[in-house]
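In the part that follows, the structures are each spelled out as structure tokens.
Next, two complexes with subunit A in common: one pairs it with subunit B, the other with subunit C.
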Partner chain A sequence: MGESRGGGCCPPMDLMRSETMQLVQLIVPMESAHLTVSYLGDLGLVQFKDLNSEKSPFQRTYAAQIKRCGEMARKIRFFKDQMSKAEVLPKELLEKESDIDLDDVEVKLGELEAELVEINANNDKLQRSYNELMEYKLVLQKAGEFFSSAHRSATAQQREIESEDSQQAGDDLLESPLLQEEKSVDSSKQVKLGFLTGLVPREKSMVFERILFRATRGNIFIRQTVIEEPVIDPSSGEKAEKNVFIVFYSGERAKSKILKICEAFGANRYPFSEDLGKQAQMITEVSGRLSELKTTIDAGLGHRNVLLQTIGDKFELWNLKVRKEKAIYHTLNMLSLDVTKKCLVAEGWSPVFASNEIQDALQRAAVDSNSQVGSIFQVLRTKESPPTYFRTNKFTSAIQEIVDAYGVAKYQEANPGVFTIVTFPFLFAVMFGDWGHGICILLATMYLILREKKLASQKLGDIMEMAFGGRYVILMMSLFSIYTGLIYNEFFSIPYPLFAPSAYDCRDASCSEATTIGLIKVRDTYPFGLDPVWHGTRSELPFLNSLKMKMSILLGVSQMNLGIIMSYFNARFFKSSVNIWFQFIPQMIFLNSLFGYLSVLIIIKWCTGSQADLYHVMIYMFLSPTDELGENQLFPHQKTVQLVLLFLALVSVPCMLLPKPFILKKQHEARHQGQSYAPLDETDESLHVETTGGSHGHEEFEFSEIFVHQLIHTIEFVLGAVSNTASYLRLWALSLAHSELSSVFYEKVLLLAWGYNNVFILIIGILVFIFATVGVLLVMETLSAFLHALRLHWVEFQNKFYEGDGYKFAPFTFIFTANEDE
Partner chain B sequence: MYGFEALTFNIHGGYLEAIVRGHRAGLLTTADYNNLCQCENLDDIKMHLSATKYGSYLQNEPSPLHTTTIVEKCTLKLVDDYKHMLCQATEPMSTFLEYIRYGHMIDNVVLIVTGTLHERDVQELLEKCHPLGMFDSIATLAVAQNMRELYRLVLVDTPLAPYFSECLTSEDLDDMNIEIMRNTLYKAYLEDFYKFCQKIGGATSEIMSDLLAFEADRRAVNITINSIGTELTREDRKKLYSNFGLLYPYGHEELAICEDIDQVRGVMEKYPPYQAIFSKMSYGESQMLDKAFYEEEVRRLCLAFEQQFHYAVFFAYMRLREQEIRNLMWISECVAQNQKSRIHDSVVYMF
Partner chain C sequence: MGFLITTLIFLVVGIIASLCVRICCNRGPSTNLLHLTLVITATICCWMMWAIVYIAQMNPLIVPILSETE
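Entry: the complex of A and B
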């Protein structure tokens, strides 16, 4: 296990392989267990294994304590809820660690909760009677209005009828005898009519009216008035829209029915008197009591706020303490109890380098808890695969996240993250080459980086959070895109002769801007990147396409070669010569004899300026390898070389496919035999070797399965060599799309607006240009280039060597994330 | 019989079916029940449930807990899930989901009416009602004196109104009447639901027919057993059986004349699906019948999940959740009353 990393000549590369991990066993005396776990949590370098997984949560040793913590957490949530309702903010946690006793906290929390609940109950009672009075007042006002208006209209009607009566007493008696009768009946019955007043929720008012009507067979008269502002309902304490109603009825049976219905609808009834004088008196009485109650309630609220303030001062401290304790007890529950019940046995993973720190923490815990016996620390040997742990910093962590999102590296497997740090932003920049846009992104990310401390402490939105997490990746991406932008010579799609004047000039006046014919070379070749004279000419696109396409293939082939070389390092590290001879070498030969050869041809063509058609060369290398090349010949003996390469490629395919499964089978048989006859003390050793050797241990060896697996692998590689190379052409495509888009925005928006010679149009043009640049180019294009770079790494690069079936080291630590509990 | 549901079902039903299948994964498993059965007190149950979907509903409950709180919160979760699905649903699924509620509505109506008959407080009764079966004017039921009033005052506005057409009498309400009313309503409800499912067609109708037929047959058996020794005449008894199901029509003829439990058994054993249920019980025993029926129902409900593109999963899921809450209630009661030996008597395991 203790393999030296990096090798003798180079400094150790932490990120290349996972930290060496060990399975440690801690035997901790009962009395110091709590403190030990607490110190280990501060250290944050041990991942405890659950040794009681077969036990249900409440059967474990510390279930009672966890319940206590849960109860305390509930109280704390209650306080938080109450504080946010009263708009009291908890004080920021200032002192880092002050020692408070959990029991004290529990007692204190209990007392405060009881006090708060009592105050709340009192307040609720007061509030309820206050609300009732408010409703009563409303009823008095609205019903009073109704009565007075009814009275007015009634008297007016009465007068009208009386005057009419006197005029046409004679004929009316014949025409409407019923009316007459009614009038006389009315006056006698009016006395018996009872009425009820109250409030009913508005959404139920229609149903209420309907049911009343049905229940009394229409023998009621109901009047409702809308209250404009919402009223606070006394029983629920929530705001509700209500109507004031007044119901007239006759008879006791109707009354009892109406009362029942009122009750069923949650309609609050209030007494009311017909007498106007009494009404006024009641209104003043109610108003007086309202103002009295108001002061009492205010005093109660003040008292409550003071209490909440005192809670708020300690709130964060308690919250942290309780969560810490809960985490500790959860961890303690994972430890198994020794038979003697005097000590706890813990097992867990830890990095080898942390051994001293862990032992130190154990010792401190033993001393601090006045334990007579110290804890025992020992390293266990195991066949289990340990977790993968890379020590990252704030710069590398984001990159590592990108790799981990695909799959966590197998333990001690080569980590593609090391190369991703550079290749990822580079491939991004190939697709996003514009130094103007690069500077914009650089400024944005510099803002994030410079205000890092401030932004890290506060909660950001979803998208902002992502940008902030990847700020160093974005920084690298922007730097690289400035670099490639300089090579492409594009600044918001405009070329600048930054390093020297263009090497070409017009021979005479006849050459126009749209063509390169007639240009002659007057100076040395442009020293860095693309000559600005290409821009805007008719041959710009063919030239750039050919350049970028070939460059993409070169980049792709080299990155894929790197991936295969990584598989060599893996094979060497895990000491698997089979993988070197029958995987690494044939893969190398296959890829390079086809696409490596293509790359060489590209470079030769660039250097010699030959007119040969590379498509033709590549295609006829397969179709008719013996034909003469003719004018497509780039170097002498090319045909022979091609025949040899083709032969090598064809031979390497069966080399990949056939030997490995047979060798594995043989090895398995040999090991199996060796094991059954080996002396006992050696088995342990051989087991140990097996785990480091990365082979499958005692698993069933299924030859057909291995063979099919190898078959799939081989086919995937052979087909993948073609399709992956083609896939790298996306570098060209996206970079083309980017430069075309930005030149469209520049020419068709900015220059067009400029041509109108109108300030207003110009301003609109500039605005559109800015929004298009930011929205489409800086945001959308960045995202798409990012995704394509991601794909090139995950698929084309990592499938050459990366297994990614490990699991991450998740140590027990107290660094809680803010929203863990929610 | 099969249309091309697979082609079009997901346009409206796909999201909800995904939701309901996700919910199904949250149902408590046998392992959960085994753990729950080992609990020492209600706090243990709460702790165990905190790892399940009920966690967030129980976490703010102060101890000491009561069984009613646990059941209430679990039911609340069920209602929230149901409402979530209902407000996402379009026709005809929303109607289908509504149908699931009607059974609870009937139970609630009966509960309130019986309660008022015995002069219980309306608020107290309302708390006992199943929240799925609530409707606006439910509290007004207390006003009614007889069936006609009941119908005319309150129920005419509810979806139950059409089911009342068969039991409109002016008789005053009494226990017997109410029980007959419940069964008549249920009969009408099941028949209506059955027809609705037939109308939807496809896999829904096929699976729902099976489930509803089982429900109807179970009710028929229960009616028969409960009416033995009462003054209900044979004709009246037969009127309460739903007009579909495996027992219809010949089984009903025979059930109607049964005089004791063994005769019922004799009738039922002629039907192969029910033979297994009755063969588990010894003669003369009816205690275990409920559990046996529940187990059979759960088995059938679980099978509903085996097919895709139909609405019966929603019905099955709601029923399973109700069974789950019944299980939790039983376990909690046993734990609270220290009757742990009886804990397995009534728990129906699913999945």
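Entry: the complex of A and C
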């Protein structure tokens, strides 16, 4: 795996190291500042530094402009709200709409907002009157029924009494109706009954009645009727269940009490007259007004919708303009004002390859803004660490994001993403290995890729968004899975002799010992992958476990060696020979003399078919290295070789630990001896020493800190050599889990259903098999293998060489995400 | 014998793949180097996996013992 070139012989590889960045200083005259920032935003290749970081947001130059933009953004949000309530969709933004002036937009927004607010207020008022009138109508109807029914029963009773009277004079008059009583009572003592009508919410009606009763000491008469459909309450605008009530009272004090209680309960009162003729008249009047109001309200809503449509046409354009302007003013706030107050100074990071484009943009801005002076572009030298910038395309950006999720590369250190593009899907496939499942995932991801353009413009849910973003990674994963599936010879756990007949056969013609001692190898080894005879045998697991564990160790040692070799390339790039001699070489020697040797032993054992026990060999290499190996001997002079390797490993540990801190100390002293007379043979950064604005403190050198750091690094490497190698065994574990699950679903679901010879059970069996395969194997196992392959990269591969403490290049650009809301 | 032949086949396939990639997406020396690295890495990974499985079966210590039902 160590075939990476780079450095002197060939051109530098794309994506391997960050683009060279430079700190640039732009001096722009005031009149072209706005246009300059706008053009630079279109370009998207400059990351501005905030030169006014000590100032609060209110002290900055353009705070007023930002407030203006904020106001406009608020109005735009209000419009968006109103439009979504009325279900009006904004028109899609065409590519090149003409540029509009911000002041025009502001005026227009103000006008439209005032109009819209007015229309809404009017609508609300009208709606409220409408609801009140509806309630009034109901009161008129129901209360009218009270009176008419009471009148009927009263006249009925009167007739009864009259007929009674004519029969029996002088009877007890206690049961006489109210009307009879009233006639015989002295007119001066006549009680004046008043009444109130109205509506009360149904859930409060019982309490209402009780409180009225208690407050007036029982001297009222109340009747309620239910209204069947819910009524829209005028004050809240929502439907509520209500009852119509009518209260008869006597006296002013009772009236005031009742009025207060009605108010407290939110019961609306409406006037009602006893006269039948007037009631009918009121009903017709109210109905007329109701229909008038309805037409008015409808007209109002129509007008509002037309207004919203006109807003919708221009909405996206205004929205984009306002956000652009806000971004420009934020950036302008970061520039510092020159002493003469005539120009702005900007400092920022930009890639070296973009210098020409930036200068172009500056010139265009100067010309377009009719300024007399052009802008100045100059490169500053600094000791600060630049941001890291990788130019990725849609294929490599997903992998780069995965690597960045762990840590952004330090400026110009080797990018693990280059190899991760291939090794990550490969390790995934080693754990996933089934070409049937691989084909399913391939189909799914081909769908995503073929519908790329359409899906990119839609708004997808969170999970779909992630799957869509990683579609090329998943494509690679599926292709490698098909390959490893062919090697493991598993198609939904069924093996096929695709390339040649199986290598094994019975010992004799009768096959009597096939189930006791087993078959023997009669033909050549199965040419591609695992022999199909193994599936379902009793010795399948011991064989496969041994194979997969050894494979995991071999793959793991290879990847770790690749990691250490990457650290060599880093050391060579940063010209740090101490790292080469006292870090790379001892690390290589330590890892390979132990685990490289183990890998070689595995291969020799396989090639010779020896029965040596490798556990025994490795463990006793440490415990009693001078012992005779006996039957564990795999090659001649093995004992001597083991002693030499053990010695090398032991020597390499202090080599990793001790020399580097002392050498660094000597270099530091040499550098600071006379001011500039010592030759610099180590620089940790590739940028020069001078300074303008950056702070350059005196470089401190704490020997104890460096020593402890090196000690930790050494211990981590030595212990990590064992633990990381063992960690690669997860390749075996997950691959075993996958094949066992797949085999269980096949045998215990599909074959079982097939065995019943019943179509119904077969269909159910197939459905269960499909759901189990998709849910458990295609989704859960994919995520699981993805996660473990990721961990192997992030920890076992990257801790051999990756520092990952840089920061990402975040240029000023107008490409907004859909959710950005400032 | 079969091992060497198949290894040669892998080598040839790798070379053909790098040539194809160079022909169809020729985008400047540094990008070409990246593509070459990716193709070589993929070929080596695939070959390693095949070789490991092949060598493990060349001189087996365990033989298949069929289960009762078969």
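One rule holds for everything that comes next: the second predicted complex is superposed on the first by the 623 of 822 C-alpha atoms of A that agree within 3 Å, B and C clash if a C-alpha of one lies under 4 Å from a C-alpha of the other, contacts with A are read in each partner's own complex, and residues count from 1 in each chain.
We take it that a contact is a pair of C-beta atoms (placed from the backbone, for glycine too) under 8 Å apart; a residue touches a chain by one contact, two chains touch by 3 or more.
Computed from a predicted structure; not experimentally measured.
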### Query
Is A:Thr537 in contact with subunit B, with subunit C, with both, or with neither (first, second, both, neither)?
second
### Message
One more residue to check, A:Ile770. First (subunit B), second (subunit C), both or neither?
### Response
neither
### Message
Looking at A:Leu450 after the superposition, I want to know if it touches subunit B, subunit C, both of them or none. Which is it: first, second, both, neither?
### Response
neither
### Summary
Per residue count on subunit A, the busier partner among subunit B and subunit C is C
### Task
Using the superposition on chain A described above, determine whether A:Thr484 touches subunit B (first), subunit C (second), both, or neither.
second
### Message
On the A-aligned overlay, A:Lys67 touches which partner chain: subunit B = first, subunit C = second, or both, or neither?
### Response
first
### Query
Looking at the overlay, does A:Ser56 come into contact with subunit B only (first), subunit C only (second), both, or neither?
first
### Query
Is A:Val418 touching the first partner subunit B, the second partner subunit C, both, or neither of them?
second
### Query
Where does A:Leu89 make contact in the superposed view: on subunit B (first), on subunit C (second), on both, or on neither?
neither
### subunit A to subunit C touching residues, read off their complex
1, 3-6, 10-16, 418-419, 421-423, 426, 430, 483-484, 487, 503-504, 514-521, 524-531, 533-534, 536-540, 542-543, 546-547, 550-551, 554-555, 558, 603, 606-609, 611
### Query
Can you list the subunit C residues touching subunit A in their complex?
2, 6, 28-31, 33-34, 37-38, 40-42, 44-46, 48-50, 52-68, 70
#### Entry: In the complex with subunit A, residue positions of subunit B that touch it
35, 38-40, 43-44, 47-48, 50-51, 59-63, 122, 136-137, 139-143, 152-154, 157
### Task
Please give the residue numbers of subunit A that touch subunit B in the complex, ascending.
56-59, 63, 66-67, 70-71, 74, 77-78, 204, 207, 210-211, 214-215, 257, 260-261, 263-265
